[in-house]
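Naming follows writing order (A, B, C, D, E and F), and every chain is counted from residue 1.
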Amino acid sequence: MLARVLRRSLGDAGSRSSRCGYASKMTHTDEETGEARMVSVTTKAETHRRAQAQGRIVLSKEAFAVLEANELHTAKGNALVVAQIAGIQAAKTTSQLIPLCHPLMLGLIDVRLALNKATSSVDCKTTVETKGSTGVEMEALTATSVALLTVYDMCKAIDKHMVMQDIRVIEKQGGKSGDWQWAPHQ
Amino acid sequence: MLARVLRRSLGDAGSRSSRCGYASKMTHTDEETGEARMVSVTTKAETHRRAQAQGRIVLSKEAFAVLEANELHTAKGNALVVAQIAGIQAAKTTSQLIPLCHPLMLGLIDVRLALNKATSSVDCKTTVETKGSTGVEMEALTATSVALLTVYDMCKAIDKHMVMQDIRVIEKQGGKSGDWQWAPHQ
Amino acid sequence: MLARVLRRSLGDAGSRSSRCGYASKMTHTDEETGEARMVSVTTKAETHRRAQAQGRIVLSKEAFAVLEANELHTAKGNALVVAQIAGIQAAKTTSQLIPLCHPLMLGLIDVRLALNKATSSVDCKTTVETKGSTGVEMEALTATSVALLTVYDMCKAIDKHMVMQDIRVIEKQGGKSGDWQWAPHQ
Amino acid sequence: MLARVLRRSLGDAGSRSSRCGYASKMTHTDEETGEARMVSVTTKAETHRRAQAQGRIVLSKEAFAVLEANELHTAKGNALVVAQIAGIQAAKTTSQLIPLCHPLMLGLIDVRLALNKATSSVDCKTTVETKGSTGVEMEALTATSVALLTVYDMCKAIDKHMVMQDIRVIEKQGGKSGDWQWAPHQ
Amino acid sequence: MLARVLRRSLGDAGSRSSRCGYASKMTHTDEETGEARMVSVTTKAETHRRAQAQGRIVLSKEAFAVLEANELHTAKGNALVVAQIAGIQAAKTTSQLIPLCHPLMLGLIDVRLALNKATSSVDCKTTVETKGSTGVEMEALTATSVALLTVYDMCKAIDKHMVMQDIRVIEKQGGKSGDWQWAPHQ
Amino acid sequence: MLARVLRRSLGDAGSRSSRCGYASKMTHTDEETGEARMVSVTTKAETHRRAQAQGRIVLSKEAFAVLEANELHTAKGNALVVAQIAGIQAAKTTSQLIPLCHPLMLGLIDVRLALNKATSSVDCKTTVETKGSTGVEMEALTATSVALLTVYDMCKAIDKHMVMQDIRVIEKQGGKSGDWQWAPHQ
C-alpha cells in the first residue's frame, strides 16, 4: 500500500494522530495518509437537492457601456446569452472538471446574468437542482465561473483588466446537512 | 439572413450607428447585428504567446489550518496537487467550455498553488504558452478558476463559506498587441 | 434580473402578452423574457421511455455501388459498422451537444443502417430507451444524424454531392404525453 | 494480421480485384481488406481551406409562428442563438464524433440561422475555415446538423413532426481538389 | 435491414446455426448477424454493484529508483498522485471510451498505486461501486489502465522499455451473476 | 510558492541534492520540489514523428472460439472492428486522459487487431504519426489499451478471466532522440 510506504518513510506516528483529527473532517482525503479520495455515495439516499451560487465580473466603464449598448439597441443581449449557455453546458461537465466530484443527473440548471450599473459588473446567479445522493454546489459554482469566463472572453478586446469577484455558494437545500445560507467568515 | 430579419423588426437605423461605434471594438459580436461571432484567425501569423492569470480562494481559519496540516504532516499536499492537475486538464478543455474560443495546441501549462497565511487563502498562479494564432489568456484564466473550484470541492465539508476572489489575467506576451501587464481600472 | 433589464429597455408591455401566449408552449424559453431556459425535471417521475428516429443519406450511383461492393465482397460492411458505432457514441453525448438537453442514463441505444437500392441511399433507424424523467427523442435523432454524417465522411472522396434527408422522430413511448407516431404536417 | 485472416476465410481472390478497383477510391477503407482506416495526412501541406454546408428544419405553421414571435417581440431570437452556439461548439468536437476524422485547429466557425417563411423552416448555413492539411466539410456539416437538432429540441413541445432536410456541403475551397460547388446528382 | 442484406450475401444458412450457438453467449453481438449491439438494461433492477481490477507497470531499476526517490525524499509521491487522479477521471469517462458500455452514475472510485520493489513495478488496484443496472468492471479496468499509462508518461524520459502487465478484473459483487473472484484460465 | 512552503516544512536541504540528481531526468517533475509539471514544447521544432505500440488480451479457449466463429462465419469481425474504432477514438483523447500530455494534431492513427490462436489472444498493434513538437507514444499506447479494453467488454459475458498483457511501445521515429526500438530491461 502506498499509505504504508509513505508513513514508513515519514516515521512520524506522533504527528499522525493530530492530523487525523483534522483529516476526518476533510472528507476528500484519506484519514491515514492524507491522500485524495473520492467519498463513497453508493449507499446514500437519493433526495431532492438544490444549490445556488453567484459571482460577478467587474468591467471598465467603457466595456460596461459596450455591453449595455449591445443590450439596449438590439435587445438581443447576445454576449449574456452566450455566457448563459456556456454556464449551462459547464454545469453538465462538472464531474469531468473537478477530479473528486461525482457524476450526477441534473434536473435543472438555471443561469442568469444581469448588468449591474452600480458595480459596473455583470452579475451571475445559478441555481442547480437534482434528485441524487450528493449535493450540487460544485455544479452551481462551475456554471457561474464558466459564464463569467465567457463574458471575459467576449469583452477582452475592449478591456483586459476585468476581474472576477465574490464567486461563492449562497444557498443549499436538501441532503443530510439540511438548509444552509452563506454568511461571511467570522 | 437573420441579421436582416432582426434589423427590420427593430426598424432602428438611428441607434444602429452608435452601436456600431462600440461593436467594432467588441470583436466577438457582428458589427451589424450584435450577434455573437467567432473571430477568424485563419490568416493570423503563428507567434509565441504567453499569458499569466491568478486568483485566490479565501478559507476560514479552520479550513486553512486543515489544509496546512495536511501539507505539513504528510508533506503530500494532496488537496493542492489535485487542484493543480485539475487546472492543467481544464486549460486543455478551454475551447470546449468557452463557446467562441478557438482551439489551440498548448505548449506549456504551469499551474501553481500556495497557501497564503496572511490572507487565509490558497493562491493560484497559472502560466500558459503556445505557438499559435491567438492568445492564451482564456486558457490561463480557465485553469486558475478550475484549480480554485477544486480546492472548494475538497474543503467544502469543513467550510462552505469559501469565496473565490480576484481572478484575472496579470500578464500577456506576444501577438499583435505586444506585451501587457494588468493595472486596476482607472 | 436580466429579464427586468430587457423588459424595461423594450418598454413593450403590449406585445408581451401575445408573446407569452406562445411562449408558454415553448417550454425552453422563459415565459416573461423569451430567454432560453432548461426545463426542470427534478420532480418528474422516472418511467420507461423509448423513442425511434430515422433518416437517410442519398448517394450517387457510383458511391452506392462502392458501398455495396464493400458490403458484398468482404461482407464486413465496415463503412456501415463505423457509422453504427459513431451513432451509438453520439447518443451518449447528446446532452453535451444540445445545450438545454438533460443528461440521461441510457439503457439501450440501437442504431441500424441499411443500403436502400430503390432510393440509392443509406437508411438509418435508431431506437433509444431509458428509465428516466425526460424523453429520449433527442438521443435518437442525434445518433441518427451522426451515423449519417459518418457515412458522408467515409464516402466523400467518391461523392461530395451526398444529401442527408428526412431526419425525424418516428415514434415515442412513455412519459406524460403517452404513445405517439409521426405523421406529416397538415 | 486481421486482413489475412479475413481474406483466407473468404477464399475469394477473384472478387478481390474488382473490389480493389472501388476501394482505391474509398479512401477510408483499406484497399486489401475493406477495413476502416484513417487516411494519413502527416505529409500533406498545410493550406487555407474553407467549406460551407447548409440544411433546414421544417416546422409546423404553429411552431414557426412561435419562433417568429419570440424573434419579433423580444428581438432576442434566443432559440436561434442557442442553436448557433450549439453549432459552433459541435464543429469543435467533430473529430470526437466522426471516428475517422482528423482533429483540426479551426480558424473560423460561422453558423447562421434564419427563419424562412416560404418553406416554414429554420435554415442554417455554416462556414468553416482552417489552415490545415485536410478539408473542413465534416466540421461544416456537423455544426449545421447540431444547430438544427437544437432547434428541434427547443420546439419539440409544440411540434414533434419537424423534419430535417437537405443537409449538404455546398461549397469548398483550397486543398488538392481545388474549388468546388454542389450540383445535384445526375 | 442490414442483417438481411448481409445474410443474403453470405448465402450461408448452414453455418449460421452454429454461429448462433455461440453468439447467444456473446451478449454484445446480434444473434442473427453477429453485428455489435448494446445490451438493453432498461428493465434491469438497480442494485449495489462493486468491481475490483488491478494491473502493474514494470520499470527498469533506474526508473524505479527515481520514483522511489521522489517518494521518499519529498514524500509527495506526485507521479503516483497524478496517476491516481488520472485513473479516477478515466473511470468517469468509461462509457465514452468503450463503445457498447452503458453510462453509469459511479458512487465510488478508489484508485491506489504502490511501489513494489520485488517486481520493480508500480502496482495499481482500483475499486468502483455503483447503485445501477449493470456492472462496473469496465470502469475499474479503465481506471487501472489509464493510471498505468500515466505512470508511463511521467517516466518515459528515463525508461521507454516499461511494460504494462496483468491488467484484469479480480473481484465482482452484486448483480445477477453474484459474487465472483478471478482464477486463471484452466 | 508551494515549492518553498514544502521545502521549508521538510527542512531537508541535504536529501534535496540527491533527489535532484534523479529528478532532472524525470522531465515531468519539478527539479526542486518533485511536483508534477508539464514539459514546455513551445520552442521545439515540429518534425515528423511516429510511434508503434502493441499489447494483447488473453482469452479462454471458449471465448477465443466465439470470436473466431464470429469472424469466420459472418466475416464481419465486428468485435474487432468495434475495438479498432474505439482505439482510434481513444488516441484522439489521449491528452484529456493523461494529465501532463500535450494535445497534438494526429496525422495517422492505425489500429490493427488480429486473432492469435497460438496464444489464445487478440493482439493489437497501433501506429500513430504526427507532424508536431512532441512524440506520439502515449497516443499509440492509449489506443492499444482502449482497443483491448473494448475486446474485454464485448467478451466479458463469456469470460471474465481475460488478462491484458505486454502493453508497450515497440518503436519510435523522429524527434530529438531519433529512432528507437524496444528491447527488454537488462
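In the analysis below, contacts are C-beta pairs under 8 Å (C-beta built on N, C-alpha and C of every residue); 3 or more make two chains touch, one makes a residue touch a chain.
Note that the structure is predicted; figures quoted are calculated from it, not measured.
**Student:** Could you label the chain A-chain B interface same or different, taking same to mean over half of its residue numbers are used by both chains?
**Tutor:** Homomeric contact, same residues on both sides for the most part.
**Student:** Averaging only over C-alpha atoms, locate the centres of chain A and chain C and give their separation in whole Å.
**Tutor:** Each chain reduced to its C-alpha mean, chain A and chain C end up 31 Å apart.
**Student:** Taking the mean of the C-alpha atoms as each chain's centre, how many Å separate chain E from chain F?
**Tutor:** Roughly 14 Å separates the two chain centres.
**Student:** Show the residues in chain B shared as contacts by 2 or more other chains, in ascending order.
**Tutor:** 6, 10, 35-36, 74-78, 81-82, 85-86, 89, 93, 96, 99-100, 105
**Student:** Provide the full list of chain pairs in touch.
**Tutor:** A-B, A-C, A-D, A-E, B-D, B-E, B-F, C-D, C-E, C-F, D-F, E-F
**Student:** Under the definition above, what is the set of chain A residues touching chain D in their complex?
**Tutor:** Of all residues in chain A, those touching chain D are 74-78, 81-82, 85-86, 89.
**Student:** Within their complex, state which residues of chain C touch chain A.
**Tutor:** 1-6, 9-10, 35-44, 95-96, 99-100, 102-105, 132-133
**Student:** In their complex, what parts of chain C are in touch with chain E?
**Tutor:** 48, 71-72, 75, 77, 80-81, 84-85, 88-89, 92-93, 105-110, 112-115, 129-131
**Student:** Looking at the complex, which residues from chain E come into contact with chain F?
**Tutor:** So the residues of chain E touching chain F come out as 6, 10, 12, 15-16, 18-19, 22-23, 25-29, 33-36, 55, 58-61, 65-67, 69-70, 73-76, 78-79, 81-82, 85-86, 89-90, 93, 96-101, 120, 137-138, 141-142, 145-146, 149-150, 152-169, 172, 180, 182-186.
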